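Presented below are the structures under discussion, each in the form of structure tokens.
First chain A sits with chain B, and in the next complex the same chain sits with chain C.
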Partner chain A sequence: MQSQSPTHEFFPAPPSQTWKRYPRLLGRLGMFTLIRELSLRGNFLVKVAVEVLWLGILLAFYETVFARTSMVASWPKQDYLFFVGCFFAINGVLETLFLENCNEFSNLVRTGDLDFLLLKPIDEQFLITCRRVDWSVSPNIIMGFCVMAVSLWNKGWEFDALRVALFAITFTCGVAIAYSFMLVLTSFSVWLVRNQSLMEMWWLFSSLARYPREIFQRGWANSLDLVFTYILPILLVVNVPSRVMVKTIEPKMVCFIMVVTVASLAASRWFFQRALRSYRSASS
Partner chain B sequence: MRNNRVPTDQTVPNHDSEALTVKMPPIIEVDHISKNYSVFRKKEGFKGAVQGLFKREYNTVEAVKDISFSIESGEFVAFLGPNGAGKTTTLKMLSGLIYPSQGTAKVLGYVPWERQDQYRRQFSLVMGQKNQLWWDLPASDSFELHREIYNIPKQQFQQTLGELIELLGVKDLTRQAVRELSLGERMKMELIAALLHRPRLLLLDEPTIGLDVVAQVTIQKCLREYHERNKVTVLLTSHYMRDVEALCRRVLVIAHGKLIYDGELSGIRDKFGQEKILKIEFQADAPPPDLSQYGLVGTIEGPTVELRVERPNVAEVLSNILARHTIADVSVQDPPLEQLIARVFEEGGTGE
Partner chain C sequence: MTTALKPDQDEMEYELQSPNWSATWHKYYRVFRVSLAERMTYRADFLLGTFLRMLPMVTTILLWQAIYEGSGKDTLAGFKYREMIAYLLLVHISRMFSSMPGLAAGISREIREGTLKKYLIQPLDLLGYLISYRAAHKVTYIVMAALPYGIIFYLCRFYFDGIPSASICAAYLLSLILSFLIGFYFEAAVGMVGFWFLDVTSILYIVITLNYFTSGQMLPIDLLPTFWAGFLKALPFQYMAYFPAVVYLGKVQGNDLIWGLALEAFWALFFALLARYLYRRGLRHYGAYGG
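Up next is the complex of A and B:
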């Protein structure tokens, strides 16, 4: 060290520790993960190809279904395609930003590598659930929006600013509710250490979210609709934003999803903090 | 044990430009802290595994038992103990990673396990067996991320980084992917990452583990120089006595979760060193055969023998040997610190 260097001086925290820091940090984390992904480009390209293929199969399947019927559970073809696009976009956001991080959480707990994340002077939930951006699934978001745009075009949809604004709000709410579910399931890793079965539960939830509520509104499945709309409201995630764009706007459901969003974010954060209190840190 | 150490005096100017001596509070204050773990006791075999599905038995492991100590600002303290003694558990409680079962602690004026951002900005934990840098990226990218997380002003970041790179001699390595660095080089990068935000407290958990002698000496030199220049408080755990002898004057010894010694490194000999080593060179070609009556016979090389003798008996043994044999040379030595510490660990401090 240079002899003329000043005496040790601790860097005090800047006066304003605002939320603005987080988007900047997310951008930086996203950039680093992109650099990493591009340096392993073979893996990156294969993952992108798989996602494109998966959407293609899904669209081909619905083409086949709608070749034989004009409606599925009261959803005409173009509306249903919008729903599929909305699901793809929401799922794309979740997988791009959070899924890989949540999946890896149990590994961090098992190896004790979580230690370094907890030591950083930043919100633990942010750092744990957002530290890596999975760019290979990000094309799903674009593909989802493209499918939505094409379906609206085919449907002859006329621009409606209110619907677009409500869609933006409820789309964000949908992402937040699904994120909360993911966070709760992830938090269990602190106690269970191995979390495979819980992440399978996440796949079950996301499978439920990909269908319109009307599918569950008959016979015995009615109870599923009630449970997964009002108790574990995973059916709201895609249904509400899709409906505000292509069906009649239901103010009650729009309000409900906003209340559910606030409640689920608060509850999942509380649960996550409880889980971190029980963290034992693997011995080194 | 010295739980109530005298606080460091520090002279600060008062508003009348007169020197005023104030007592600075300790950087670390640990008060009767304990940590218990409940550990699942798995029964053997398939039957035991099935039984474990319905009824589980747990053992309580007392990793840390009621320890108290305090560390003043600017001290470089070694935390010694065998594997499983509770060193790392204590460091993890001090860094706020885990909660104690009992007791309290204050570090830099904060309760560590409340994990306040203001507290986490002021210390660093380096673990020799773990890696916090991004594996696939150059260390410089991790440093940049570190700058964002700790909100370090860019100019100060560049200055500190430059100083640390020069200190550790790693100018050409920061743009190389971390996975391509040797263990010693990686540890240097870990140290840079830990020091970038200029922490006031540095917790080092076996920072030289697995390193070759050259890398160990480099890390020791850097830590000593950094400590001397910046007067940071350092708490170091290490299994290498060379690290401890090179860096620390004060040691805390922990065994079986209990603090059994807190004092000067040299004081360990007084407290636990019950033996002396007599190194005797006989005039004859070989030492006499009946030396075991005086003490424990150690290495024999030609006419020279090492004899371990209880400290109070040294004078008597020496006079007896001198009376019966012709001696060419004799010296009385303390046992090597490493051996002494190993014995303290084995006995868990019961030898005091």
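Up next is the complex of A and C:
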């Protein structure tokens, strides 16, 4: 501390240096929550076992379904299992990094503990949505990728660098779009205080994302497809990354998901900051 | 204290001195009434929650439509498409009766925190109190859910072949009541394990996850390979979701129906006795810490 110039204490670091500290901070927060989680190893292992069991049940369900049919909404078995793996991995990322934090937000608002977070010299959105890493659900990411790898192997998929690159991009876009939805729902807590039904809304959204778009492309469900692809684009989250790997690449949809990602991140950040401006500390 | 012990002062004190069936019934009826009032407080939140929970049914309907179209068949494992959707809707009704959220965790918490002793020093039986409390919650839930469920079932009326005969309806109602008893005593028995393990949350996570599949909530058990279908039908979990639904659909009739209901009653009695036995054994271990 003594070697630092006094200006460091009074003036913020330049933006380039400020952004560099976020990955480091995320790593430290992750390490902190991992140590805390491992202090109750038995509980941690049971939670992991439940996630493994849940994936097993999901695979048993689809195994049963594909024993009776070779195709579900133009998705053959291995392609569909890739889709399931992709959903599991994206959901795993969201649950590991953000869900617990967003769930906690209404408590922070209700108790006024949000004050302490807002006083920290760090971006509020980062601190509120990333401060705890839920390691017990992180194996879902690995399991999701394992399911995807096995389905590609069984399908006899040939390596294609372009598809892999597009998958990486669209997978990240999918996570970002879903995160934006979660952030908007979380922001409502500032006005509603209680967010139980909002979290049910999140569950509802995620239950839409877990199916291929094709199941909505029939009769009355076409309107759902249009709404949840172009207006509230939750159907893009898993569908686009899955399609670029196992189906025909649609450049239009790849560009569209990238535009949607930028727009949804910007809109959700604006909404979140708007919500914070309406926050009235409960403790003071 | 001296005045409170006079038998003609108050009903509760009277019960303390001369317990009989009528007084016991009256006591648990009061627990039921109080729990009913408590539950009605959050009716708006409840209505919204019920609607939101039923909406994923839309995607389930669409998924099964795609599965039937993909198979090119009219019937899968004895279920036509309409029957499949009707089954998945009826499973919600089964779960309305048999699911007991927080029961096992609550019992284990009372044991862990030592608050269980309130049942030991008062003329109140733990299982008697809890079943009255749960019954009140279920009655409120069913009354409040009648509107959203009524709308959803009306919109989905094309998946049903009208209302079944009076005897099927009576058997269905009986199977639902028994599924409530199985669900209650099964969870209570899991909660009683807390006397030995203190925290049953981990066991509970696994039980709930397994129960989701083995009870037939995801799909009718008949769709599974023959061995697994037979195995799951030998377990009591099917009575918490699958069995009442197939009774309503008329897939179990005649002697099979009577036999099924008898087995369901057997499992209800089995879990009731198991929960009671574990409670009595557990009390010997109970240290009444905290509180």
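Basically, the second predicted complex is superposed on the first by the 266 of 284 C-alpha atoms of A that agree within 3 Å, B and C clash if a C-alpha of one lies under 4 Å from a C-alpha of the other, contacts with A are read in each partner's own complex, and residues count from 1 in each chain.
As a convention for this text, a residue touches a chain if its C-beta (ideal position, glycine included) is under 8 Å from a C-beta of that chain, and two chains touch if they have at least 3 such contacts.
Computed from a prediction, not measured in an experiment: that's the story for all the values here.
Contacts of A:69 after superposition on the shared chain: chain C is touched, whereas chain B is not. Of the two partner chains placed around the shared chain by superposition, chain C is the only one that A:49 touches, whereas chain B remains out of contact. In the superposed model, A:214 lies in contact with chain C only, and not with chain B.
Touch criterion met: A:57 reaches chain C, while chain B stays clear of it.
Using the contact criterion defined above for the overlaid structures, shared-chain residue A:251 touches neither chain B nor chain C, since it reaches no partner. In the superposed pair of complexes, A:23 makes contact with neither chain B nor chain C. Note for the complex: chain C touches chain A at residues 45, 48-49, 52-53, 55-56, 58-59, 62-63, 65-73, 76-77, 201-202, 205-206, 209-210, 212-213, 218-219, 223-225. Residue ranges of chain A in contact with chain C, taken from their complex: 42-43, 46-47, 49-50, 53-54, 57, 60-61, 64-65, 67-73, 194, 196-197, 200-201, 203-204, 207-208, 210-211, 214-216, 218, 221, 224. Interface of chain B with chain A (complex): residues 37, 88-89, 92, 95-99, 115, 117-122, 124-125, 127, 129-130, 132, 134, 136-137, 141, 144-145, 148-153, 156, 159, 163-164, 166-167, 197-200, 205-206, 225-226, 229-232.
Note for the complex: chain A touches chain B at residues 1-2, 5, 7-11, 13-14, 17, 21, 24-25, 28-29, 32, 35-36, 39-40, 112-113, 115-116, 118-122, 124, 127, 277, 279-281, 283-284.
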